[in-house]
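Look at the two complexes coming up: chain A is in both, with chain B in one and chain C in the other.
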Partner chain A sequence: MKRRTFWSVILGMLSVLILAVNVSAAQPKRGGTLVWRVGAETATLDPHLANTLGSTELLRNIYSTLLRFDENAAIVPHIAKSWKVSADGLTYTFILRDDVYFHNGRKLTSKDIQYNIERMKDPATGSPRAASFSLVDKIETPDDTTVVIRLKETFAPFLGSFADENALLVPKEIVEDNSITKKAVGTGPFTIEKMVAGDYVLLKRNPRYFIQGKPYLDEIKLKLISENSAIAASMRSKTIDGTNVWGAMYRFFEKMRDIRMQDVPVYSWAMMEINTSKPPFDNQKLRLALAYAIDRQEIIDSVMLGNAKITAPLPEGMVGYAADWKSLAGYEVDLEKARALLKEAGYEKGLKFQLKTSTAYAPYVPTAQVIQSNLKKIGVEVEIVPMEWGAYIKDITSLDTWTVCFHSFPSYGADPDNYLYRFFHTQGPWNIGFSDPVTDELLDLGRQVTDVPSRQLVYRRVQKRLAEMAPVVYTWRTRLSYALQPYVKGVMLGPVSTNFDSAWLDK
Partner chain B sequence: MEADITLLEHDNRKSSNRILFQRILRQKTGIVGALLILLFLSTAAFPGLYAKRDPLEMDKKHRLESPSDQFLMGTDEFGRDIFSRVVHGSRVSLQISFFTVMLANIGGIVLGLLGGYFGGVRDNIIMRFMDIMFSFPFILLAILIIAITGRGIFNVIISLAVAYLPYSARIARGAVIAVRENQYVEAAKASGASDLRVIVKYILPNISAPIVVYVTMSFAFALLAEAGLQYLGLGARPPTPSWGLMLNETRGIIEFAPWTGIFPGLAIALAVMGFNLFGDGLRDFLDPKMKN
Partner chain C sequence: MYTYIARRLILTCFILFSLSIILFISIHAIPGTIVEVMLGVEATTENVAALEKKMGLDKPIFVQYLKWLSNLVRGDLGDSLRTGRPIFGEILQRLPVTLQLTLYSMIISIFIAIPMGMISAVKQNSLVDHLLRPISIVGLSVPSFWWGILFIILISYYIPSFYSGGYVSIFSDFWGNFKAVFPPSLAMGIGMAAVVTRFTRSSLIEVLKEDYIVTARSKGLSELWVVGKHGMRNSLINILTIIGLQTASLLGGAVLVEVVFSLPGVGRLVLDAVFQRDYPMVQGSILVISFLFVMVNLVVDLLYGWLDPRIRLS
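Entry: the complex of A and B
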């Protein structure tokens, strides 16, 4: 008996050993520096004010969110390990992890969640995420790991607001001593080690990250490269380990070997915005005339070399996606109709306006050129004003300094509300001067109803209304992939966010 | 120069013409340069004669086509004819360089003449100011001025002219100082000629040889600088065809559509070479030491 036990123990040990060897082949390796390509620098270090892709790409590594989106844009636990929504949809209870520390050593508690919601909600902060939390009525913190939030009315996108990769949690103390604009103190997997303007940002592993054993990487270098051919060359020479690939860039990656390409669903898009608050574009017919004259397919074929799709406001896969976008007003080129509308609007002799755009991203100015050439056909003269990114953002922030502008947007989470309310509701934080009672009502309704079929219906109607009112002209939604060196493993690539805490290098 | 003129006056008219003609023919590189300049001047003046297509027209059916008999230099990603854009682009480039050179040299020569002729405090003030401008790299000074005035063709001309001014002022001043002490200048002064008369009648004609050569050479310089500013996106707004801007626009596609970059680049190179060769030829021609 004894002997048998002895042998079984030996056997057991052996099998564990074999198992361990097996596992280690797939097990992530610690260490190394991942060099990731970014297209723009951060505009601010305060995540609550961040609204550009460049800021998000940096700050999501340093700060964390209460919840997270996974590869399929589903909401998963992060700092909150679980949550509960009451039957009436008005009370949200979050149970937090007990082991989350800020980079300055202080433990994160439910009070921090309360503080962050209040800060984002406060109009004085000026956060672009204020609208997501404006319906919050009361926040209670019965203990250090429990947060109870009561809403004034039901708000369907509310849970997603906590996974919004810009709803990052900041410690109160760095806001109070005003150092939030100079340093980043979060709870995320990395800390900022060095920032070299115009070149790179070096991130260092946070050893006290709350997910055990992660991150695997020692460092991440976010390298700034914006030129397509330079990106391709860096990928070929392996000086960068990963980058996103979109639009005309595909041409460079088609023939590249030893590079792993992974397509992801795309929520980002580009549109031409029209300032509807001032003449001449307070005229709906004039705006619709532009929409009918712009040849989206031509833009896609020449600027994106075919690697994009014509888009309605909501992306494929999201509640309310309009698969029949062709039936929406102004989506198919109709020069006759455009001319007729122009005449009705009182501009049959033509019109001239300035189209502002930025030189920061490669497809913007070329897209503007196609729009210019399209509109020339109906006698509308466009003067393209290419601007440096900072100056451009400054100009389009105030309704007094732009008439028409063109740029693209990143993804804003998985809820349709995030893609419409902010631009088209009269109360929207990024309202483009557009105020329409019908749209307002529909958007409010979309926030209140929670069942999918009703929301589907509401958002289809919003899109139809928007197409008729034409405050913007949706142009393209690019195909998006990530190109990775073969040794890069574990990067979470999703339509909403990209996370590096499980990333590792197999070399 | 002085000797040159007297010599020509002594010869009889017919043979002097023949000698002049032979001397011109001897400057082979100068002639090549002159022909290149003539070519670009004519494309700038009459682009329609060379290129039948509209340089702005986007042709959906012919995107990124390589050079063929239909599109001599191929098409860009919008389906625009590159040949016609290069031809029309010569107008913008030559216009900008012409006005830049004129403004810079007129300003520079006047300042150089005043400084060189009067000397003393006035010379010091002018030339120290020029030294300050010299301390900035040429292209950076031009970019600085554009940053203040904003982009546009007119602003490119102004910025390049201002940035170039000290160079021509220094050349002019040097030439003036070299002839200022000559006896004929003193004689003119002694006979009671006003300063203006001395400058215009006696100094200017005698410094014209180096200045003419210098002006020609500065065309090449201005062309290159203009293309540089356009490339940086500081000059003409798209879709205006301009060589530098075309090079800028080709950055994203040059790897698989090289013709979009080669031809505008070639145009810049040829035009710059034209002015350089012509300038060289002119210098040799006007140099009395090279006469035989």
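Entry: the complex of A and C
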């Protein structure tokens, strides 16, 4: 008995010791420079116009948002320390922190929130985020730390608009003196120390950041490397500390030792869009025939080398919302059905169309080629038109200059509405020519009901309807990982946001 | 000679002026504007129109050109549409990288090519010549970016300590700069070396058939003196021409290598600017490259006169 007690005491002491060691190892260290790989430079310094990954990767470190998404895409406080939504879902009250300063030393107040919403909403600004705030009716600022926003109608995804990585808050003065495209003055954890075009951007710690003691890093160097072999070589030689990895890059990273790979859920996706506003594709049967003939798994295996998944309209990680894709129309290859639909649509003898895509991103053209060979089996001839990015964007911006196109989309926050309304509602800002009363009604309903179970029901029905109407063919959601040097700790990598507030270097 | 230089400089102005018109028209003829690229797949017609108006891109093209030209005459290349920063500053920042790459690859190629070409010519149809010729064919046919990727992989696998994390100025870190610039220069230099080798060989073979070489030999001069002094000096005009042309084209041709090695040179500046439709940036940087191109050619022409006093520049 005595002996047992003795050993249990020893064991207990040991475990305390181990725990202590663990705790001390997990204690973040201050200082150091994190070198993070980026694939593109920012397209602009004005956060309200920024809309590319290259822009987001830079600006999210300098500016802040009112709210934030955590690693599970749940909304958490940030500049707003709390919020309240009225029972009718029309009034939002935010209580702001009292200790938030812009890099120019001015304190952020509720007036700044008002100014930012108004600027993003104003059509003259040209912000891609205008749609998120278009339902705002009135903004009141009873005191410096309270913002009350009234909406014209219920808009369930509204709260998420404030956590969107791109809904960044700018100070009025740099807009007024027109310097917003030349310098970045935010409230974020870092400031821009140096920008060497084509090479890197050096960020320096903001000592007045409103989260006490953070960031831990002294500097972040956003290093521009776009060539896959150079990215792998930089990782191997430890000249960069972290990078995202997707698509063809896995080939270089899978065999690399001493590197931590972390997969994150992915909300971005790729789809073939069909211009439903004019013949021949105003014909639903014809569109559905294409959907039945396209072999998504073949695209994933041959183009993405297995590093992707078949996707329903909503991403799998979006808890409760994503439909089971196997139950949706047109998802499993069925050539007989495709031919039958083609016949019903009146295209028994086949047809020919142009598929536009861009050469800017490696998987696009090969995906188009698989689609081309798939559709050949049902007598549909596809002419692939590979285009340079800028020219491609120009063509797909207007419904008159494309018939079918293929490209991928980034993530748009955590609400299902963000992923569907903009494309498929008749009033959607990026409507692809698709107008269906049933879809419209369901999408409106999704905005009006605020409880999660009802919304889940609504969005499952939207997805089912979309699959049947087939205005687009969802192809894949890529696998996305981050490759990190083993000493990189605390980087927040979520499906819709990333931040370096708590990042530190254990070396 | 000074009037010659002055005339050439005036001519250069005309060349650059016509070039600027061609450039302006062709860059604006490419579909898509900076606004569309900036907004990406989510661009809507209204957003695009609002932003184009803001940036002055809604004005007729000749109005935009005249505005640009009047600024240029006053020595102002304008600001980048993307970053809002002065274009001249951006180019100045990038120029050392490209100049250094060009200079290094020129030196590397001369060091490889002249001895190889001489040996090949002197030992014409010997075993060495037969060996060197296919080597130069390989150098000629493999593109520089492929050598670049090969070097990156080899270095990162076998000598990771030599792998460069990016460009550093030669003044702040000589060794770091060497690590960053040597492999890409070698990748570019190999191709140029192959061309120069073949030129050296053929022109030296030609010269070695001349009567004065026979005379020199019959005087009993050593073979080294015959080939080195009489032979090389007379074939240098040809070799210099090709080195000049190649060097000038390296200035613009560094793009691929700069992309592969992620070096912030002028080539990539132009490429990115074209993709982003940053019109004033494309114009500014191509004008600077063209100016350098013309200058290299001028220097080569001046060197002719120095190498061969029979050539009088007038």
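Please note the rule applied: the second predicted complex is superposed on the first by the 458 of 507 C-alpha atoms of A that agree within 3 Å, B and C clash if a C-alpha of one lies under 4 Å from a C-alpha of the other, contacts with A are read in each partner's own complex, and residues count from 1 in each chain.
The rule is simple: a contact is a pair of C-beta atoms (placed from the backbone, for glycine too) under 8 Å apart; a residue touches a chain by one contact, two chains touch by 3 or more.
What you see is a predicted model, and the numbers here were worked out from it, not measured in a lab.
In the superposition on chain A, no contact is made by A:Glu57 with either chain B or chain C. Contacts of A:Asp301 after superposition: chain B is touched, whereas chain C is not reached.
By the touch criterion stated above, A:Asp241 is placed in contact with neither chain B nor chain C.
The partner of chain A that touches more of its residues, comparing chain B with chain C, is C. Look at A:Val385: by the touch rule set out above, it reaches chain B but stays clear of chain C. Look at A:Gln372: by the touch rule set out above, it reaches chain B but stays clear of chain C. When the two complexes are overlaid on their common chain A, residue A:Ala232 makes contact with chain B and with chain C alike.
Shared-chain residue A:Ala124: touches chain C; no touch with chain B. When both complexes are overlaid on chain A, the residue A:Asp436 reaches neither chain B nor chain C.
Within chain A, the residues touched by chain B in the first complex and by chain C in the second are 227, 229, 232. Against chain B, the residues of chain A that register as touching in their complex are 227-229, 232, 248, 251-252, 298, 301-303, 305, 359, 362, 365-366, 368-370, 372-373, 383-386. Interface residues of chain B, counted against chain A in their complex, comprise 56-58, 60, 63, 77-79, 233, 237-239, 249, 251-256. Residue ranges on chain A touching chain C, taken from their complex, read 35, 41, 43-45, 49, 51-52, 123-128, 130, 181-182, 195-200, 223-227, 229-230, 232-234, 236-240, 360, 388-398, 407, 409, 422, 429-430.
Those residues of chain C that touch chain A in the shared complex are 30-33, 35-48, 50-51, 54, 82-85, 90, 93-94, 149, 152-153, 155-157, 160-161, 163-167, 259-265, 268-269, 272, 275-277.
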